[in-house]
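Everything on this sheet refers to the single structure shown next.
For reference, chains read A, B and C in written order, and residue numbers begin at 1 within each chain.
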Amino acid sequence: MPTPVGGVDASPAIAAEHLRRVFTDGPEPLEALADVSLRVAPQEIVAIVGPNGSGKSTLLRILAGLLPPTAGRVEVGGQEVREPDPRIGFVFQEPRLLPWRHVRDNVGLPLELAGRPAAERARRTEELLELVGLTGVPDVRPAQLSGGMRQRLAVARALALSPTVLLMDEPFSALDALTRERLNVEVLRLWERTRTTTVLVTHSIPEAVLLGDRVLILSPRPAHVAAEVRVDLPAPRSLGTLGSAAFAAIAAEVRLQLELASGGRPDVESRWPRGDTEALLAGIDTLGGPAWFDPFRKERPG
Amino acid sequence: MGGRFTRAVAVSALVSVVIAACTIEEFPTPSPTGRATPSPTPTLPSASVSLVVGLGFIPSVQFAPFYLAEARGYYRDLGLEVTLENKIDPDLVPLVGQGNVDVGVADGTSVITARSREIPIKYLATIYARFPSVVFALTSSGIRTPADLRGKRIGIPGRYGSSYIMLQALLDAADLTLDDVTLVDFPDFSQGDAVDRGRVDAATGFVNNEPVQLQLRGRDVTVLRVDGITPLPGPGLIASDEAIATNGEALRRFVAATLRAMDEIADDPAVGLDAAIARVPELASSRDTQLAILEATVDTWKSPYTLAHGLGAVDRAAWSASIDFMATLPDLVAAPVTVDDMVTVELLP
Amino acid sequence: MTPPVPTPARPAAVRTRHGLPEGRPGDAIVTVGALAAFLLGWQALVALSGLPPYILPAPGQVGARLLEAWADGTMWRHAQVTVLEIALGFLVGGTFALAAGYSLARSRLVERALSPYLVAAQATPVLALAPLIALWFGTGIVAKVIICALIVFFPVAIVTMVGIRSVDPRLVEMLRSLRATRGQMLRVLEVPAALPSIFGGLRIGITLAVIGAIVGEWAGGDRGLGVLLNIARGGLFDVPLLFATLVTIAGLALLLYSLVVVAERRLVGAR
């Protein structure tokens, strides 16, 4: 059974104070985050939306310890985070599976790196596959699976070390709409079993509202948290929730806040992001790369 | 040098000059004396005959006869336009057989093997009457006879060729085989230095090369020669069967002119040296060494047989004995061959 | 009870558009056919050119001489030495090249410092270096192994460098998020990611190693296929043996190359 997450008490699972991030490796300094503070309670799911280029991915990476903030501080479970942490699981926008490894060796990778013995790895891997609904999946290389299955494996891998916090960076934006909806439901079901604190960055408003307990709206660069919308929808949620009036109202509120935060310009992407690789790649994914630049293949039909 | 030799040289020289004179219509001269069967003198074609001559080695004072003959116009006077090629060519023998090269300088032992492989060449004239490939050692090594080579380290340039055959002949004379010695390879031909420094006890080399160099450095050198043991045929002039058939007259003249130059150099090596230096100016910087090499070279032209029959003469009996010996070595005589298959004396003066 | 499913009629054998059967049988036919065409062409050349056997022997003569040389042990006596030189040279050169390629990939300083010398060394023909190496290291197997190693080094080092550099930075970030150590990064990501590129270089390297061994043997030695070439040509005037040795060398190169391909299939596989 998945490890129960921390106690349901007042201390936040994630606390970020006055995060600021400036990128200096371009021709001129780029201030992605000006002043971002947020708290996430244990077992909460928080969705972060914002216009393109607003530094959502940068924020998530700082929370994960993959990027140091220029100023400010991140704490997970009361302890400061300055580098990647086993208590934090990260799901990237692409599955980022090792293409030469088979399914189970990919999912078990974190356990292997942590030096767990083979028997434990095998057992835990089967648990994880069951969690993401892939019990009995053939042990093939990722190239032979659909995009949706690959992303599920990525989620399974992120949960391998039973993290207290799960961070997801637009995990389903590379998938088609139908698969995306299916996986959204999977995330809900997953959370009902593991109750892992989750922060989800997305540019899909329906996804944010369906999954999140709260939706944070970021302003364009230099970013701060412009607004917060509580999502008071009854649990357990499902695809049927998408059609409810309450859902529509909350989604409309989020959309409004988003437009206000963007100063009436919801799509702020006017400048090619400079600086480090993630920003560049994020830019490519947003604007769309050339047809051949698709190393992590999007879902094939069927 | 004995009186016999001087007389033979004088006669050869005279005969060569006279024959040359007879065969050039512009210079009518009295008929020759001395030679038993004077060859007929056909009409000289109006255009000169060009011959490509593969000398088989880089420019060296040992080719002085060719340089001299060319410089003094002996070839030209006989209506020959000669191109001397001075380069190391491992394919010289097949090229002569194919006719790509008209005349070559090649070792008699390779002629035996080549003919047994049906390469259609014949040996026309002897240049080195005594086998030039020898085993040499510092006298201080105590090596004086082939039997002394047992258990010794011997430097060789490669596992084939005239020196390899000569070495086996020497060992055979003492009932030894290659297994009784330790061979050390010197593919860069530095075995002379190796002997000098004691890295090997003895080595194979050319009698007009390494031993001379060592002696000039003040070393006492012992040389083991194979002539008295197995009369292996040394380097001489070769041509293809077809060239002999269709171009025989030109080849005859070439042989004559070359032998003439050899006689003159044998008389006075200095003229050979000068001709070589004129052709290869770099040799001038080591004149004394080059003279010593040339004198050692001239020494090998003179065997009892050529002293008796003139420079260039071919000892058929020695050839027969050599064929028999080489047949005992693996793979060298691929099919039975006789002296007549590979030697012709028709083109000798 | 479900009704029985009618078994479909056996499909006709698939044929490519050239009318050959698909797959292995088709490949075999093409290979054999090409070989037969080559041999016929060779025979025709001999017949038409009128070249004597000591210049261009006919395929039949070469084949007979080849069988003879294997039967009496001559060929194997020389071939085993050459194979040993190639194997050791490939191993030594390849190992150094992998290490060098990795440091070139990881350190701009190393690359800037070493690149000019590497390129200059590669441009110097091995044929020119071989006598020098024989001078310094003697004419035994050591000199040949060194020559092979030198000739293999550059291409393998370069493909290793390129392969390591081409590792997807997104995978690097993913492993960073899993707190992979430098050694783990190397073992889990960099090496497997670079392997396809490295094997491309190894394929080239093994054929170059064959060349290196033969060239090294030309510079001196008492055994080896290169030595046998010299002996056949210069000492024995045995041109059929010369050709038979060339055939053996080609066969050896093919065999070693396919070993590398087999290793590649096992280690890299289909991705």
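Operating definition for what follows: a residue touches a chain if its C-beta (ideal position, glycine included) is under 8 Å from a C-beta of that chain, and two chains touch if they have at least 3 such contacts.
It should be emphasised that the depicted structure is a prediction, and the values quoted were computed from it without experimental measurement.
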Contact-count maximum falls on chain pair B-C
Hey, which chain ends up farthest from chain B, C-alpha centres compared?
A
Please list the single chain whose C-alpha centre lies closest to the global protein C-alpha centre.
C
Taking each chain's centre as the mean of its CA atoms, how far is chain A from chain B in angstrom?
90
Quick check: how many Å separate the C-alpha centres of chain B and chain C?
44
Just the number, please: Cα centre separation of chain A and chain C in whole Å.
48
Looking at the complex, which residues from chain C come into contact with chain B?
52-55, 131, 134-135, 139, 219-222, 227, 230-231, 233-239
Flag every residue of chain A that touches chain C in the complex, lowest number first.
64, 66, 83-86, 90, 92, 94, 96, 98-101, 109-110, 112-113, 141, 143, 277-278, 281, 295-296
Contact residues on chain C for chain A in the complex?
168-171, 173-180, 184, 188-189, 192-193, 195, 268-271
How about chain B: which of its residues touch chain C in the complex?
90-91, 93-94, 97-98, 110, 113-114, 117-120, 158-161, 164, 183, 185-188, 190, 331-332, 334
